[in-house]
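Should a chain be cited, it is by its letter among A, B and C, assigned in written order, with residues numbered from 1 in that chain.
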Amino acid sequence: MDEATFSVSKGCFAFKGDSKENEFETTKYLKSDDARCAERWKLGTEVWNNIEISTNEINSSLQESMFLDLVKYIERSCLPKNAMTGRSEIPTAALMTGVNMPDHAALFVKLKEAVEESIAQSVVILQSKDCSNIKSMMRAIVNQLLGDTGMNTSRTSDAGDEDIASDDLYYMRKKSSTITMSMIVKWYNKVTKPHSHGGSPGKKRKIDDTCFARKPLVIMCQDLEAFPQLVLHDFIIMCSFHAATLPMVLVFGIATSWTDVSQRLLSHSAIVNLSVEKFHAPTASEHLALIIDKVLLTTEQPFKLSGKCLELIVDVFLCHDFSITSFLHALKFCALEHFREQPCSILCTKSLKEAESVISKFTKNDIRLLKSVDSFKRYVASHDKDKQTAISKDAGFKSEIKKCIHDLHVFHSFYFPALHCLHILTSSLPQYPLGKKIRELYHMCYKHDINNHEGFKQAFLLLGVSSRDQLVKHLNNCADTLESFTYEFDDCVDNDVHPNFASAKLHAFVENLEKMDENDPQPDNDEKDEEPENETLETVKYAYQLQERLRNRANKKRIRKMTRFEKIREEAISYLKSFFWQHLQRVQFMPFHEAFYFDSSAAVKRHLLAAPRLAIQTALSNPYQYLPVPSLEGMSYGVIPPNAPDICVAYKLHNECGNIINLYDWMSAFHVITTTNHGEGETNSEENKKVEIDEVTQARFIQAVSELQHLGFVKPTKKKTDHVQRLTWSHS
Amino acid sequence: MSHDSSAIPARGKQIEQLISIFGDPVDVTMPALFVYGHSSCGKTIVLNHVLEKLKVPHVVVNCTECYTNSVLFSAILQGLSGDNDLGSWKCDNLNDLGRNLRKVYESQSWNETVYIVFDKAERLRDREVNLLPALINLQELTSLNFCVILVSELPWEKFYNGVGIRQPFIVFFPDYTKSELGEILCHCRPDGVDREFYQHYISIVLAVFSLACRDLRELKHLSELNFSTYCAPVKAGKFDEGDKHKLWKHVEPHLKEALQQLYLRKVSSEEWMKLHDITESGDATVLKPVKNSDTIELPFYSKFLLIAAYIASYNPASTDKRFFVKNAGRMKKTARSMKKDERKNSHLRGPHAFPLDRMMAIFYSIVDSRVPPTANIFSQISTLVTLHLLAKIGHEDEIDCPRYKCTVSLDFISAVAKTMNFDIVRYLFDFV
Amino acid sequence: MSKMDKTLLENAKSIIKERLCKSGYSHNVRADIDIAALDLGNLLQRTVEFGESNSVLVVGAKGSGKSTLINRVLEDIHNDSKNAKNLLIVKLNGYLQTDDRIALAEITRQLKLENTIGDKVFGSFAETLAFLLEALRSGDMSKSQPIIIILEEFDLFAQHKNQTLLYNLFDIAQAGTTPLAVIGITCRLDVMELLEKRVKSRFSHRQIYICNPSTLENYVQQFTDVLLLDKAFGKTAKHKAFVKKWNSHVENLTKNSSVLEILHKQFNYCKEASPLHQILFLPVCSLSQEHQEITPADIAESSQLIFNDSKANILHGVSVLELCLIIAMSHLTNIYEGEPFNFQMVYNEFLKFSQKKSHILQNYTKPVVLKAFEHLIELELLKTKDHFMTHSGKLQKEYRPMILLVDHSQLREAVAKYPGCPTDVKQWAESSIV
């Protein structure tokens, strides 16, 4: 769970503290060889901050609706109408948070804020680790309550209730004293009296002044699954005992499902006292999709992930934990790693201006570094001699690099709109030739040249036979998305493929399609035979069926003269093709794309996919990786140098053994190896066997073996004394 | 001593009895009463009612709430002395309790009987052995006119705990008859509703539920839940309050469905409304299926881990070979030779614990793509444990080979397996 | 007239109620207690008069009149002894003084020595006690005051940590330096086995046994004694008249055969007084202006209430579904020769039944049935084999091994008495096999 608390500080609000400590650390960790790393670092942190801000926005926008519902529910449940039913039941909100537990803490903190500011008197968040028994549970509740009321009384500045409750407060503050529910109720009444009678905040006016008019006390159980069953049972019983007098609302955070909880945790007599309302938190996966869509694949953020890296961290998300928080961790890692490692990341600025300003004050050293960027090398190689010489000059280089960066910016500003556009067109096609999610499409575009990609071709074949209303729908959506972006570099792209123009054109197509049928009735009759075919087309199962259907459709076309509709469709499609061809180039071919794209998936793997067992095994079988002693080099292929670490020697030997290892043989082998020095191998190993093995060797051997046992490679066995059992698979 | 039975319907007899037992406030009554009866058959409410009405000094303490003796004692003393600050009565053994009780008694200058009611008295059994007998003997111990009343759902015989304990005077609250239930439910009907109309509704509710549930609270909940459904068509003006048969036809399917969720509180009133869109159209014939929120979204590998765990804990380890070694011929033979025994059926006996290695072995053999043994995999196992989908058996300190059990049900796991289109039943020994 | 009469009745009622409820104050005592009282009396006399020390155990079953005895004796001493004024009496009770520290504090309090002892610190328990007694002696010059220490629930004191209190008290009593009488009262006959050797050796093995009435006659006598009013009731003619009337009706009541039968049954069931009182309690309470006398019917009714089987009451309250589960369980216990079963098996049995036989019970989902099962557990009609508190979270509810606490006869009776029990359920309960 502490991971979760960690994520509170990372995930949602406390990033000011974060960035500070980053700057604090950087001096130690940066590579000293190039001068600009400090600036890069600053740049990186601010880029990351931007990303984080926007992710937080998305976060809150997602949760907003659910929060609203919850608040409404709480308000409703405290209305006097419940008084009529005797109010024996405790209003309970079952909040279905997904299984992504690292995010929950953040979620609940936000929820607390939301509820507190709107209606509740005070909100308590309980975690199972505080609630091992009733006493500590009560203690936790009271501590939080008193913390709150401290604020309350300061907020509504009447010290009156303070005086009344003072000695009770003293009692309740005392760590030693045991708290009961009725004490809380009594204290609560004292605190809330003045609030409910006196000048009440606007939102409470409408509620008349019964005991239910008081603001409710909300108690949240963050991770309900982990609560002890008996504690929960008792707690609910207690609450029900006071439910009539105390306006109280429980909020259960449920990661699994209500059925599970109601069966396993809530006993028969407890559940009768609850009146449950279920709320669903936004699922992590759609949250992720939104982040990728709105943050990563936009022109907003200069920093971008290569398709491979993106796929990698998304896989971590999907396969391991649905945790947004850890996804953001990964993203953050990538960003900072990028700015730390990549020298030309200094150019990864939001606006072109900054980049240019940076370029203008490049030093020799910087230039030397930047010239070694491969994409640039490739670029240079592609040019002829004198151009190359021109570039090799610093001035020439600077102007060149300016141009490249400019091109990249231009490219991006059109790339992503086009990408979204294409995704809209293809995401609804049968069998998803270009993937269901936009991230898949992005990955493809990054990996291959999309315009000659098989999927792309097939997609357009399918589009080429889409029915009219589908076409209209698609075109409209495309136009809308294109308009949703803002474009700066209008002059740098020839006009007829400029998105604005494109959207206009698409609209034009749409209009034509719409007014087509009334001005000439002729195409309608073959509309009719168009329709059913398309229906079948949507439902087609196998690719080959599709092919042949398309083929004979084409034949049919050749015979019949094209209808008006088909003409327009042809035009539209061809135009779109050209549009995409223009904008969806592979970014790898552009010089200095490394400035923006982070592509070292190896680093990600190394840092985010920890494989402890592998690490240990490499350490044991090939210590050279960690101890660069030349004599150890050989160990990777078979030979065991005598000066290898004992445990490595023991490990190597035990690798050759079978399932059960005789300790004595093992030790003698160990002894042989450790005592052979180079030169003579087998010859004197004979009498080595004969001679008594000295205590030191024995001690070393024993230590090595016990270390291996500790690492879980061997364990003592009952079957044979003086043997150990091997726990890893033996090759023999 | 007349009383109004209107306040508490169907409990007149018990009220009578209690009043006659308590008798005149001043004279002595039984030192200890034991009131028992099923939950929600009005024990506490009747007691409170009578005590309030007789205006005798009394205090009611809830033994679940007072989870330590000192809390219990100080609760009693505060209740009797009626002073309000929390720390005032510090008292943690019976001796002090006795002394303080005497103090209170004299300070209040009582001469009538003082009643101390222990609600949920069964919880007193978990305390130390002599607490209960001492409390029962309170009158004798303090030689003051106290009457201790124990309220519980359990019969008195469950309170014998080895030590000699005097049997208190026992009062039994019988469970409500069907008609009484109807009466009470009518009594607390939403105001502004015609009694006879509601009565008929209640009779339907009882007809459906009474076999499965006689708990007043649950019935109350259910009747409130479904009433809007019942009178929706009337509101919609489809048919008037008169024709009961139609109404019955209309509401019955809903009730039948609610019967499936008895005591589960699965859907609340709000969702109930949403599910059957009765608000706009009064016809109940179109029942939308309950939106199944029970399928948990799990990460890809977690699903496989869970499946592996399930297989590991419901199959005997000896059968792993035939399921996971690719050798159809031998498998068929053994399958025939295997003799099923009803008693051995692990879906009847429950899951077995299995070592981690076995689970991982199965995991790697059912996941078709090869999985790097990263730390994430293992952290997922602990996640599953915290979600209580797996349970760790044995102590926490056994780190060398931890053992687990899979605690999910068959339909749950088969739902998960379906999403991975993995046919789990083929891998379960109980079903081959 | 009637007004007057009413008050008389009320008085009689409250008097009798007091007799019934207050323990240790039976108004006219039995012969055996008289003898014991004599015995104990002059023992204490010797302590008070000549400062002898003594220790005695009064052993007798619950409600056999131990407290009565003690109270009586103390009364006598107060009345007829010259220096009873400086007699100190300390009453301790095993229920109240749950350990020796508390007990000692209590002694100090009852000897009114709190301020003398102030906040001195003492090495050992013995020192403290010695100091207390010393302080008493110094209380007046001539000779130390006699003390009587009464230990009720003596056996509980024997459970205190190495019996320090008892050891010291007996030690002092044996030493005889201060006139001290220790009277232990207990209902455990094996009380001597509870004492440690060193304690036992210091105890003067004087024990007084009091037993319950051994014959039915005494028992009935007790019954009448409780009800009869005596001269003390009142002097006026009205009172006399009322007493006469009342007592005669009591006589008739005891003559009544049905009453006698009930008494006999009760007597065989248990000889103690308190159940008898309980039987009498309700009829006495129900006495009123309209209902001036106790009728045999009242007695019969109340005894009926006392005797009826509480488990049957509980079973009467469960729902049909739960009843079916119980039936299934009892069948399972038969099948598996009493070895534990779990919910899964019960559910299967239930399904077999509801699909084959019954048609009203078919539509219950498993969770619902599980909840019903839980309810039965809460009613403690069945208990888990292993103490499931230990791994409550670990094992699923469905698979906890359970044992049924309702035997077949009880079940059959319950099913027979159950209101509106479906016939097929009845048959199922009867037939051992589905």
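By our rule, a contact is a pair of C-beta atoms (placed from the backbone, for glycine too) under 8 Å apart; a residue touches a chain by one contact, two chains touch by 3 or more.
Keep in mind that what you see is a predicted model, and the values were worked out from it rather than measured.
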{"item": "Chain pair showing more contacts of the two, A-B and A-C", "value": "A-B"}
{"item": "Most central chain, Cα average position", "value": "B"}
{"item": "Separation of mean Cα positions, subunit C and subunit B [Å, integer]", "value": "33"}
{"item": "Separation of mean Cα positions, subunit B and subunit A [Å, integer]", "value": "39"}
{"item": "Chain centre separation in whole Å, for subunit C relative to subunit A (CA means)", "value": "67"}
{"item": "Where subunit B touches two or more other chains at once, by residue number", "value": "263-264, 388, 407"}
{"item": "Touching two or more other chains - residue numbers and ranges from subunit A", "value": "259, 262, 264, 268-269, 271"}
{"item": "Junction residues of subunit C, two or more chains touched", "value": "367, 371-372, 378, 393, 396"}
{"item": "Subunit C to subunit A touching residues, read off their complex", "value": "367, 370-372, 374-375, 378, 389, 392-393, 396-397"}
{"item": "Subunit C contact footprint on subunit A (complex, rising order)", "value": "228-230, 259, 262-264, 267-269, 271"}
{"item": "Contact footprint of subunit B on subunit C as seen in their complex", "value": "10, 13-14, 17-18, 20-24, 62, 67, 93-98, 102, 105-106, 156, 187-188, 274-275, 278, 281-282, 285-286, 305-306, 308, 310-311, 313-314, 316-321, 342, 344-345, 348, 360-361, 363-365, 367-368, 371-372, 378-380, 391, 393-396, 398-399, 419-420"}
{"item": "Residues of subunit B defined as touching subunit A within the complex", "value": "39-40, 62, 64-68, 70-71, 75, 84-87, 119-120, 188, 190-191, 215, 217-218, 220-221, 224, 263-271, 293-302, 372-377, 379-380, 383, 386-389, 400, 407, 412"}
{"item": "For the subunit A and subunit B complex, residues of the former touching the latter", "value": "73, 84-86, 88-89, 96, 98-99, 101, 134-135, 167-168, 170-172, 177-178, 180-183, 186-187, 223, 225-226, 234, 237-238, 241, 255-260, 262, 264, 268-269, 271-278, 280, 283-285, 316, 318-322, 609-614, 712, 715"}
